[in-house]
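Every chain is named by a letter (A, B, C and D) in the order it is written, and numbering of its residues begins at 1.
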Amino acid sequence: MTSSYGTTLRLTLFGESHGPAVGCVLDAPPPGLPVDLGAAARHMARRAPGQAGPWSTARHEADLPEILSGLFEGRTTGTPLAAIVRNADTRSSDYAALLRAPRPGHGDLTGRIRYAGANDPRGGGHFSARVTAALAFAGALALQWLAARGIVVRARVAEIAGVADPSPVDPLGLFSDLSAKPLAAISDEAAAAMSAAIAAARADGDSVGGVVEVRAAGLPAGLGAPFFDRVETRLGAMLLSLPAVRGIEFGDGFACARRRGSENNDRPTPSPDGSPARIRRATNRAGGAEGGITTGLPVVARLAFKPTPSIAREQTTVDPETNAEVPLRVPGRHDPCVVPRAVPLVESAAAFALLDLLLASRATSLP
Amino acid sequence: MTSSYGTTLRLTLFGESHGPAVGCVLDAPPPGLPVDLGAAARHMARRAPGQAGPWSTARHEADLPEILSGLFEGRTTGTPLAAIVRNADTRSSDYAALLRAPRPGHGDLTGRIRYAGANDPRGGGHFSARVTAALAFAGALALQWLAARGIVVRARVAEIAGVADPSPVDPLGLFSDLSAKPLAAISDEAAAAMSAAIAAARADGDSVGGVVEVRAAGLPAGLGAPFFDRVETRLGAMLLSLPAVRGIEFGDGFACARRRGSENNDRPTPSPDGSPARIRRATNRAGGAEGGITTGLPVVARLAFKPTPSIAREQTTVDPETNAEVPLRVPGRHDPCVVPRAVPLVESAAAFALLDLLLASRATSLP
Amino acid sequence: MTSSYGTTLRLTLFGESHGPAVGCVLDAPPPGLPVDLGAAARHMARRAPGQAGPWSTARHEADLPEILSGLFEGRTTGTPLAAIVRNADTRSSDYAALLRAPRPGHGDLTGRIRYAGANDPRGGGHFSARVTAALAFAGALALQWLAARGIVVRARVAEIAGVADPSPVDPLGLFSDLSAKPLAAISDEAAAAMSAAIAAARADGDSVGGVVEVRAAGLPAGLGAPFFDRVETRLGAMLLSLPAVRGIEFGDGFACARRRGSENNDRPTPSPDGSPARIRRATNRAGGAEGGITTGLPVVARLAFKPTPSIAREQTTVDPETNAEVPLRVPGRHDPCVVPRAVPLVESAAAFALLDLLLASRATSLP
Amino acid sequence: MTSSYGTTLRLTLFGESHGPAVGCVLDAPPPGLPVDLGAAARHMARRAPGQAGPWSTARHEADLPEILSGLFEGRTTGTPLAAIVRNADTRSSDYAALLRAPRPGHGDLTGRIRYAGANDPRGGGHFSARVTAALAFAGALALQWLAARGIVVRARVAEIAGVADPSPVDPLGLFSDLSAKPLAAISDEAAAAMSAAIAAARADGDSVGGVVEVRAAGLPAGLGAPFFDRVETRLGAMLLSLPAVRGIEFGDGFACARRRGSENNDRPTPSPDGSPARIRRATNRAGGAEGGITTGLPVVARLAFKPTPSIAREQTTVDPETNAEVPLRVPGRHDPCVVPRAVPLVESAAAFALLDLLLASRATSLP
């Protein structure tokens, strides 16, 4: 079992970049939940290539999912929900030479070893970011079901190529909906500078990385556990599984390591309704979790994305057949920055992990 | 299931700070593996309180594990291995008032909500870092079994209170064994400055945080998978479960987000013996994994630890019974910095995760 | 997670009788295993309706699976293998009245409660035996991969409507390949009598049950574990999940309960090559497992199938809307006996469970 | 992972017959559940050896569990509950010769192969029925927690040595509490005949088997799922894991295979309160489950236990060192029939499986 996530609601991803389809199975959502396929498709379109902007390739993916099971008259049946997105507009010939010239920074070499040379090399096979279309779909449903319960998950571009979005965000709240923006930074100026940095890298045949911040507001206090079911563990296991992610931090993260305890603790403040479950905190340096369990404040995480390893400029690699160093110009079209398209994917991934956690928390009491 | 980790080799932690014992079950190691209990006890002693140094409390924990099952004539039987460490030298009265004055930054409030007021409040109960003694033991065995196969896992203090260990480390190699040092930094000067910063915080009734780096050398290429079984996912799910950890990064981590692709890709270099599985890289910015799968280079991660939330100086909290703000001076003895003692724990945790991954990789082929 | 099986190789089933497709995901087979799709289709055809014989309905299912992922140039890639079988020739109108007249012995009433009325009622939805087409496919691959390692799994009809197949079977061996027979009993006389009993039941608007025996020869000794990973546990969890199964016994099963120990123990006999792993037994009353672990002799199980609950003659049921008793004549076409078509399904299911066990056993040693 | 059971509430067993202790971890019960340790000890005493009766050995096990974690002020904390039972009164020397003379019908030979000769051979090691003391304890808690919700699980001896308990049992109800009886059959005459049969077997240096019936009344309708989460699957996976069990049937089980559908279907009858969830059935041939999901009627299963393989009379076995046939008289004291002591164990095991299923069912809806 290698492409499955979740304890209560289990997500399995399948598919290869140039195979018939990518897809997912959710085993199994609660019965009777409404599904808005149009909204899901719009969410997925934010992740799809072919968008306006310098960060995206010219490929076009319709990415319209076909539901194979688990949906009846617009609602979940409660049995496994399977969906696929057919692959199209693939140019296998672009990738033929890669077998002899594995791309640095990709899974070409490691995948060859792991799968004893049997994995599908076309377009990266199951390693392809194309597979995340299925994850985006699963997450789109999770986002809908959470939103119906007042839980809102939003991500933004916090940084690209060293250009940060300087916009202040209420640490106890959420930023506004950025889904209509071509590049989901709060500050339009920052977004413009980020776009320029991406365009400059592309002009150089190069790529840039960045940071995505995700915030989930509206979660009840009391989700998680002290050890391997920490909120951080569950979110981390999901978000560290996204391609190109190199690190994750919760709340103030690495900055906490340089503070004193008196500067880092979040001071509790009285509950607005007197119930202990609604005791608040004056700050949210902890990112919504203490002792691995939600405080009721927004859960906040930041993810580091590396620059796209597939770059146009020439690199050197090693031919695994001859063990000789060979020059490589990565063929095909590649985004010079994955961060803008990663924003809806991070929302999807985080929402799915939180939905699973919320469902699991139901099983901690008996009727 | 909330305190269990692992897919092939399953670790379950149990115990509370002031209960009869903390312990673990490993279900189940391969049969016939030798266990050096003396070496395990020495490893655990590095984590135990009562060490020389300003960072540790005066409490003394013998931490000698009792093996309850799974060991016969010094070797694993192949059936579940259970071990416990009895609790002693606990002062329950220190913690009695905490029910009315939950400690900021701890799981006191969130645990009360999560467990409907039924969890053991003494010393943090199952939230206590005391439970990690059992994890340190499980990891001590993992470290031994990996070392016998040429896989060495070592951690060091990379930073405390903003004081970094500046020592260069071969990116393709490992630093030397630091286990005999009271504070496991490579540079003695840095260690002295870190100790001074800890002592200064203690004198102020405060605490400091820091960063631990862990490196695992000798792993074969080909461990992991593109999605939820990534090396980063598995290590992340384990390491983010350690108390006080606020973030993790792999290889160059967040620094990658500010680089261009041409600066970040690790250039493949020929295999010393011609076999593709031993193709190397000129650098190791990726931290030993590409596409979620080991490259054969050292796996490298860095962990941010927050400053100890239990500090001597007065804080304000909220009494959950009255919803009133109340002053709090955390009673008892608390380390002003968890980082030095976290070093062997990080080694343990990483080794266990890698052992589980190594075992799981065995099941990817048929005889 | 409710429609998934397996620890190392995980099978997830999805689909509803009258939805777009039924299917499965195998996450994930070892890489490089050859797949003979023609042989798989022939195996599935043995389970499909529309066969010659009195036990089958006139519906026709082509049941040709479409592979969506995990296969490249005829071999497994090592990443998840997904396949679907499209639904066709369904008559939804047949089932419309069933919502008000739940069929006795089916999941109509219990499914309504379990899924809060949201499950797909058409043709039983995910409860439909139609879903087992996907399991038959998954098992067809398992059968191929096991056979390549000398492990052969065969099932036969042991009894229908009280008519037993009297044919002696070597307790240490296997019966011959029965897949070409229309009704897979060894004795043609018994098969004829069974067919006659089925035809008689059909003529009465009624149905009959029976017993299937499955034998797996060629397994190595040493698979399993003393408790929850017993061979019997793993096979039982799979085989008790097949629709209509009411019981399972291993080896001589319930008959053992009436014997004395001296009559029931299988006497060990020397190993043909001297290796302890090949010590044999003079008899195989245990059905190939002692202490939950394979002996190397054939693993033998017998499964009780109830008579098809959907019968043509009138029954009485309760309308859940009005709580009134109502008469019911089950519409549609239903096999008067599921046993003949269950034979290849039992082979599939057992083979999958044994393949998963064989893979898991690989992870019990370190390189 | 080989000695763990459960999806929501996970039970891990550990220990060897002649090691320091046997024990279990429950990870983790809901918080705040009361635990009556006295009642648990009384339940465990029914399973312990040393009882009055011909079926038990003279060994005495106090079997008083020590709770190591997860209990505070008499209630579950909601974190893992670990308990151990120390071993005592073991005579290792009895078993020394068994390494050269593996007992037929035991895991001596298969365990040697499975564990590469490293498992603890004393008293069967982890294969020993001694380990079930820990399962009996875990189940004792489950029985208490279920009983507090009106769910009662009771088992009886249905048959020993071919002597059946002829007592009629209301198919829609439960038999009375038999826990005070030395042999838990309803009919005292049958119990006397069973005891006589056991005594006769003992006098012959032999042993006998039997059948245990378990009934669980008070379960709500709607627990389970159509495939791998069937009530039968979950109960089966637990009950087939008990030592000496050779088969299981649900409801009328194998007898169903000889009926016609019109004789086997349970006719629905109106709900006493009009709610569909309380629609009843006129009979309970299905044993409380349709489509794998509870009907609300008692869940009924019958388990076949083989005769104790350890018998006093001489047998022949094979020395794995020399591959020579050798005579064997099994040393030590062994029950001539495991069935009487298995009754409380079956109750424990079934209760645990049903508790886990009940908890899992909570996670099928969102707040």
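The rule we apply is simple: contacts are C-beta pairs under 8 Å (C-beta built on N, C-alpha and C of every residue); 3 or more make two chains touch, one makes a residue touch a chain.
A quick note: this is a predicted structure, and the numbers were derived from the prediction, not measured.
Engineer: Sort the other chains by how far their Cα centres are from that of chain A and give me the top one.
Structural biologist: It is D whose centre lies farthest from that of chain A.
Engineer: Starting from the mean Cα coordinates of chain A and chain B, work out the distance between those two points in Å.
Structural biologist: Distance between chain centres, rounded to whole Å: 26 Å.
Engineer: For chain B and chain D, let me know how many angstrom lie between their CA-based centres, rounded off.
Structural biologist: From the centre of chain B to the centre of chain D is 39 Å.
Engineer: Could you state the distance in Å from the CA-based centre of chain B to that of chain C?
Structural biologist: Here chain B and chain C have centroids separated by 45 Å.
Engineer: Spell out, as numbers or ranges, the residues of chain D touching 2 or more other chains.
Structural biologist: Those would be 1-4, 7-8, 13, 28, 31, 78-79, 114, 116, 126, 225-226, 364-365.
Engineer: So how do the chains connect up here, line, ring, star, complete, or something else (other)?
Structural biologist: Per interface graph, the chains form a complete graph.
Engineer: If we count contacts the way the header does, which residues on chain D are in touch with chain B in the complex?
Structural biologist: 1-4, 6-10, 12-16, 19-23, 25, 27-28, 31-32, 66-70, 72, 75-82, 84, 114-120, 125-126
Engineer: Can you list the chain D residues touching chain C in their complex?
Structural biologist: The contact residues of chain D facing chain C are 1-5, 7, 13, 102, 104-114, 116, 126-127, 131, 159, 161-162, 201, 204, 206-211, 221-230, 232-233, 236-238, 240-241, 243, 245-254, 256-271, 274, 276-277, 279, 281, 286-287, 289-295, 304-311, 313, 315-318, 320, 323-325, 364-365.
Engineer: Give the list of chain A residues in touch with chain D in this complex.
Structural biologist: Against chain D, chain A makes touches at 8, 28, 30-31, 33, 78-79, 145, 149, 220, 225-226, 358-360, 362-367.
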